[in-house]
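What follows is a set of structures to go through.
First chain A sits with chain B, and in the next complex the same chain sits with chain C.
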Partner chain A sequence: MRRELGIFCAVVVMCGFLFWSNHDFGNAGNILNLSRQAAMLGIFAIGSSFVIITGGIDLSVGGIIGLTGVLIAKISSPSIHCLHYPLWMGIGIAMAVALLIGLCQGLLISKLKLPPFIVTLAGMLLWRGLAQIITHGGTLGLGTSPLINLSTEGLFRYGYHSVLAYPVLMFIGVIILAGYLLHATVFGRYVFAIGGNRDAARYSGIPVDRVETLTYVISAGLAGVAGICYASYIGQMTYLVGNGYELNAIAAAVIGGVSLRGGEGSVLGAIIGSIMLELIQNGIILFKWVYHVAGQRKVFTISSNWTYFITGAVILLAVLIDQLASNFNERKRLRRQAQVIAAKQEGGKTAAGAG
Partner chain B sequence: MAHDYILQMHGVTKRFPGVTALEKVDLELRSGEVLALMGENGAGKSTLMKILGGAQPPDEGTLRIDGNPVEFRHVSDSRRHGIVLVHQELMMATNLDVAGNIFLGSETCRWGMLQRRAMHTASESLLRRVGLACSPATLVGSLTPGQMQMVEIAKALSHKARILILDEPTSSLTLTESEQLFKIIGDLRRQGIAIIYISHRMEEVQRLADRVIVLRDGKRVGELQREQITQQKIVSMMVGRELTNWYPPLRPAAQYPAILEVDNLIVPGAPCPVSFVAGAGEILGFAGLVGAGRTELMQAIFGVTPPIGGVVTLNGKHFRPRSPRDAINRGIYLAPEDRKHHGLVLPMSIAQNISMPDVCNYKPFGWLHRRQEATVAKKQLNALRIKAPGVKYRVGSLSGGNQQKVVLGKWLAMQPKILILDEPTRGVDVGAKAEIYREMMELAQQGVTILMVSSEMEEILGMSDRIVVMRERRLEGILPRQQATQENIAALMTGAGKT
Partner chain C sequence: MRMCPKLTLLAATLGLTIGLAGCSKGGNSGGQTGTSTSGSAAAKPVHVFPQSSPIKLAFVSNNVANYWNFAHAGVRAFAKKTGIRVTFREPAKGTVAEQNQIIEDLVTEGYNGIAISVIAPNDQIRTLDSAARSLNLVCVDSDAPKSDRLMYIGTMNYNAGLLMGKEIVKLLPKGGQIAIFVGNLAARNAYRRLDGIEHVIKGHNIKIVAKKEDNQDYALARSNAENVISAFPHLKLVCGLYSYNGALAAAAVKAAGDEGKIKVIAFDQDPDTLQDIKTGLINATIVQNPFMEGYLSCKYLRNICANGMKAVPASANVDTGVQIVDVGNLAAYQTKLAKMMASK
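Let's look at the complex of A and B:
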């Protein structure tokens, strides 16, 4: 919880700071857009977290996002080059494909013991490639498809905006489900146990293969859900949608305290990590600092070319602080242990003296 | 006479915040002497050796080498004086060859090019010194633990070691390998190399040591010369009291109704099938050398590596275990040999570890019932006298004995029918050992069948109702208590009875 709290504080401070530097940050439009972005990232970052907590990794997430979006457009878009089937069919098939991909990857990893890095690296190229083949490398518009409304509409209208856009609602649904699954059920306990010590889990009769496979299904399924959102949000699909998002998911998870060594992490961490990541990108655009030189008003802004650099620095900083904090705690723990032993010895001596 | 000693440590004190790990410890060593350093876990042996190895500076005290005061700030300082420590866990790069490991970190090279030829030649002569007959080009990964130990010693010799520290060198060796090691220790001693020998095995110490120094709670509590060494004396110094009831009294020999029948079980990799019968409430000891196939047999019965043929019969029901879950559902549980890797999830709490095999049953409506989990764990914590602040305490921070008790607790919480204990007291201190033995006896009284794999002869003799002896992955014989003497078991174990 320490890690989540720390990042949460950092998020709050950053929000305050951004609002102070540029009041546009607090605009309904910006806040709602930010929440939508964070929600879409969060959906598949939570999926990735399941895999990472078992000690695995899923690099195919971005590819699946691209493929599901392209499939929906191809099957159900009313535009040219598309098949004009109803939307529910498009979404249904796309989700089925995503889940199937997760199942295949999961089985290859758990049953055949192929390294997850390689399987999902191949997956990343396969599914992105499949999307490219379907689109012929071009663009599929969603045109007047009702899917377009998914990302803009929502509950509780406020001026032109919905306070809770559908992606945000879906995110909340995912949070509740995933939080329940990971932190309150036996399945979740198994996920942590496998990440903590796979062999001990097996010796305890835990169905390691099944649980591991399921985490890949969850990851792929949530990537599919995110793919639906992105298709709606962008309004037209190219095979490049979602390119590199697997790394965003990993970054969000890691910032939120999910350990790549496995066995550590939480849904809350993935959420806050996602918010943090989107906040950085938003902040780089919005940040401005007004200052006066010789009576002249000047404004300092950050070029968006700094985005990658700053994101990288934040990831490094997050794990660095975490490591330093845990080193500090470990030392404190050892000291306490030493005191207990010393006290015991002291007690033994006085008892012996009395006897 | 100070120059008699190759090494003198005087008044060495080391304090860690709040605790004194070493208090005014003296230690002196002559060249060509084997000094055994003994003490319970936490007595300060490893701290003392770390100071000698230069890994930690002492707070007080002096070190003299050949009578000259020295100060070790870094491992390389002590290396320079010819002090080499061979760790208990072998630290070898298994993907490199023997020569590569011997010269790891001190490679001979010219213009940055490795001089393989030179290193191989040098390795050959070093290997000859330690009596290891293998080519320097052999991959270390393909060696047995015993051979790796020899490579470690060869590596130490390559550093021109004058003082060799061996930390529990025989813990993973077979008897023959140990014999080989003892022979080499004898050779080294004759060459004038001083050896500090850390071990818990009394027989070895009795056999090898010229002198024993016993540490307790960071203090030197005694010294014994070769002719004074007896097990009783050492143990009483170590624990500070005379040990009377190490093993619980043996039960009278009895007939136990058969409950588990293992019939022609084919363990993957074993040359022939294995059959035996165990009775309800019987403690069946499995003796053998390391690598005799005992662990593999247990893993097959437990379903970790499913047997490829044969039948196990429990209470009249036939089955062939396919997975640990399969065995667990039938009441067959295994506490593995390597508890850190196979028995426990170290970063998780005591409660979470104890509940692990059974947690699938703590779920009304899919929720994991944490209160039930804590209750079950608390019961085991009290029953087994696990020393921990609470059930939420991290298992990784417990001592070896308490960790082993957690492994036991996890199975005891599920009413075992057959409990397989693979090296139940490895790395466990004397006090916890006695408690584990007592617990085993109690379980046996309740009718639980215990299959105990142990490499400690005393433990086998002290605990078992019958003894199964294995050798080279075959079952060599089953000895009832009356016939179970050290000689009989050893003869079967080593195949000495045959011609």
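Let's look at the complex of A and C:
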């Protein structure tokens, strides 16, 4: 929890700094855009966190996001080259496909003991390839499909904007469900136990295979939900949508304190990590520093070319802080242990002396 | 000494492969190779093939996109008219390695001419020059002027930028802030378009306040537009330099409730862009002519294979032209597009 608090403080400081540099950062429009962007990333970052906490990795989420959106467009868009079926059918089939993919990948990993990296790497290529075949390498527009409104419409209006856009509402739903599942159920404890020590978990009777498979189903399912949001947000689907998003999910999770070694992490961490990543993107565009040279007003802005560099630096910093904190806690624990042992020995000597 | 059967099989396979490769390379035999100085001081190899044997041509795109469907239609129209078979190849991932592999395969298969949209003009010179030693090479859409290609057919991107700049000036007579959205600003077509725009808007009180790249990540393209609209409340116009940028910037403008307040100019003829022109969300788009790129590249290749560089203009450039499509001429343009695609 301390780790999440640290990252949360960093987010607050960054927000304050950005608002100081450019008051437009605090505009309702910007905050609502930012919340929507973070929500879409957060949905599948939470899914990936489940897998990472068990000590696994899911590289197929980007491919699933792309495939889900392409399937929805292909099945239900009223545009040309599409099948014009009802939207619910498109969403239903796309979600079923996403869950099935998760199940297949999960079974391959848990039952056949194939490495998660290889299985999901193959999945990434397979699902992106399938999307490419469906789109014939081109674009499938959503046209006048009602899905287009999903990313902008929502509850409560402030001026022209919806305060709680549907992707944000979906994110809140995902947070509640995932938070409950991971932190308040036996299943959640199993997830942490498997990530902490797989063999110990197996010997203590935890159904490791079933739990592990389920985490991949959750990850793929949430990637499917994110795919629906992105399809709505972009309005035109190509097989390239979602390309590289698996790394965004991993980055968000890691920044939020989910350990790649497994056994550690939280839903809250994945949320804060997602906000941090989107904040970097947003901040690079909004950051302004006004200064004067020889009475002339100058404005310093950050080039978009810095995005990857800054994101990489933040991830590295997060992992470094994690490691340092972990080392510090370990040393503290050992010191306490040594003190307890010394106190016991001291007590033993005193008792022996008295005897 | 008795040879191991596996080794024998390996040696036989290797021998057969080398033999086949030798035969394939012989596919070009019978042609005459000369040199050309058209459009460049350096001599470039030109191959003239006897008209008695059928020629084999290929068109290589730089990725898989809707844009190439129109070029493919042009290629098919040429093939239908002349009876010459033209192979159409698209690098699925749009990478340099993939495109180089396609070029090498076509050379090995004995093709007589290739029309290619080069992905990385400066990084592929060795592969392009190597191919140009065996066949006639022309560039389409994306040029590699430093290579041994014989000519370029396509949009003069600087001219397209000039046209876009003029439209921006027309839409903003009093000037104002504008933002540019693009996939990759390092790509020649992108920066030449931008050069053209900057040349025209100079002195018209129009300031480019943001140039944002998205590396063809559509979601990033939209969030870039949203963030820029938030960052610059006095923004007057957004301009998309890649085919998808216009529609995504328009979606961000609509989501921000700035329809009409922020004008939108796009590039190319994506269905969403044309739909947004119809609804008034996008003011205009600059369209290229991929159909003619497909058709003319094959036509020039055929002529070069038959008669050398006689039919090629001295500049070694053929402009397929650009035009502005707005709500006034949208219907006529869509009819033209439908006719082009029907000619497949």
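Assume the second predicted complex is superposed on the first by the 344 of 355 C-alpha atoms of A that agree within 3 Å, B and C clash if a C-alpha of one lies under 4 Å from a C-alpha of the other, contacts with A are read in each partner's own complex, and residues count from 1 in each chain.
The working rule: contacts are C-beta pairs under 8 Å (C-beta built on N, C-alpha and C of every residue); 3 or more make two chains touch, one makes a residue touch a chain.
Small disclaimer: the values here were computed from a predicted structure and weren't measured.
*Asks:* Once chain A of both complexes is superposed, is A:27 in touch with chain B (first), chain C (second), both, or neither?
*Replies:* In the superposed model, A:27 contacts chain C only, not chain B.
*Asks:* In the three-chain superposition, say which chain, chain B or chain C, touches more residues of chain A.
*Replies:* C
*Asks:* Contact-wise, after the overlay, does A:77 reach chain B, chain C, both or neither (first, second, both, neither)?
*Replies:* neither
*Asks:* Once the shared chain is lined up, is A:338 touching chain B (first), chain C (second), both, or neither of them?
*Replies:* First partner only, chain B.
*Asks:* With both complexes superposed on chain A, which partner does A:192 reach: first (chain B), second (chain C), both or neither?
*Replies:* The answer is first: A:192 touches chain B but not chain C.
*Asks:* Check whether A:202 is in contact with chain B, with chain C, with both or with neither, and answer first, second, both or neither.
*Replies:* A:202: touches chain B, not chain C.
*Asks:* Could you say whether A:215 touches chain B, chain C, both of them, or neither, answering first, second, both or neither?
*Replies:* Touch status of A:215: no partner.
*Asks:* Can you list the residues of chain A that meet both chain B and chain C?
*Replies:* none
*Asks:* Taking the touch rule as given, give the residues of chain A at its contact with chain C in the complex, in rising order.
*Replies:* My answer: residues 22, 24-25, 27, 29-30, 33, 37, 40, 79-80, 132, 136-139, 141, 143, 151-152, 159-161, 230, 233-236, 238, 240-241, 243-244, 278, 281-282, 285-286, 288, 304.
*Asks:* In the complex of these two chains, what residues of chain C are touching chain A?
*Replies:* For this pair, the touching residues of chain C are 64-66, 69, 90, 92, 210, 212-213, 216-220, 222-224, 226-233, 244, 247-248, 251, 254-257, 270-272, 275.
*Asks:* Quick check: in the complex, which residue numbers of chain A touch chain B?
*Replies:* Checking each residue of chain A against chain B gives 184-186, 188-189, 192-193, 196-197, 199-207, 263-264, 333-336, 338-339, 341-342, 345.
*Asks:* Which chain B residues qualify as touching chain A in the complex?
*Replies:* It is residues 16-20, 217, 302, 304, 323-325, 327-329, 334, 336, 341-348, 352, 356-357, 359-360, 362-363, 366-368, 397, 410 of chain B that touch chain A.
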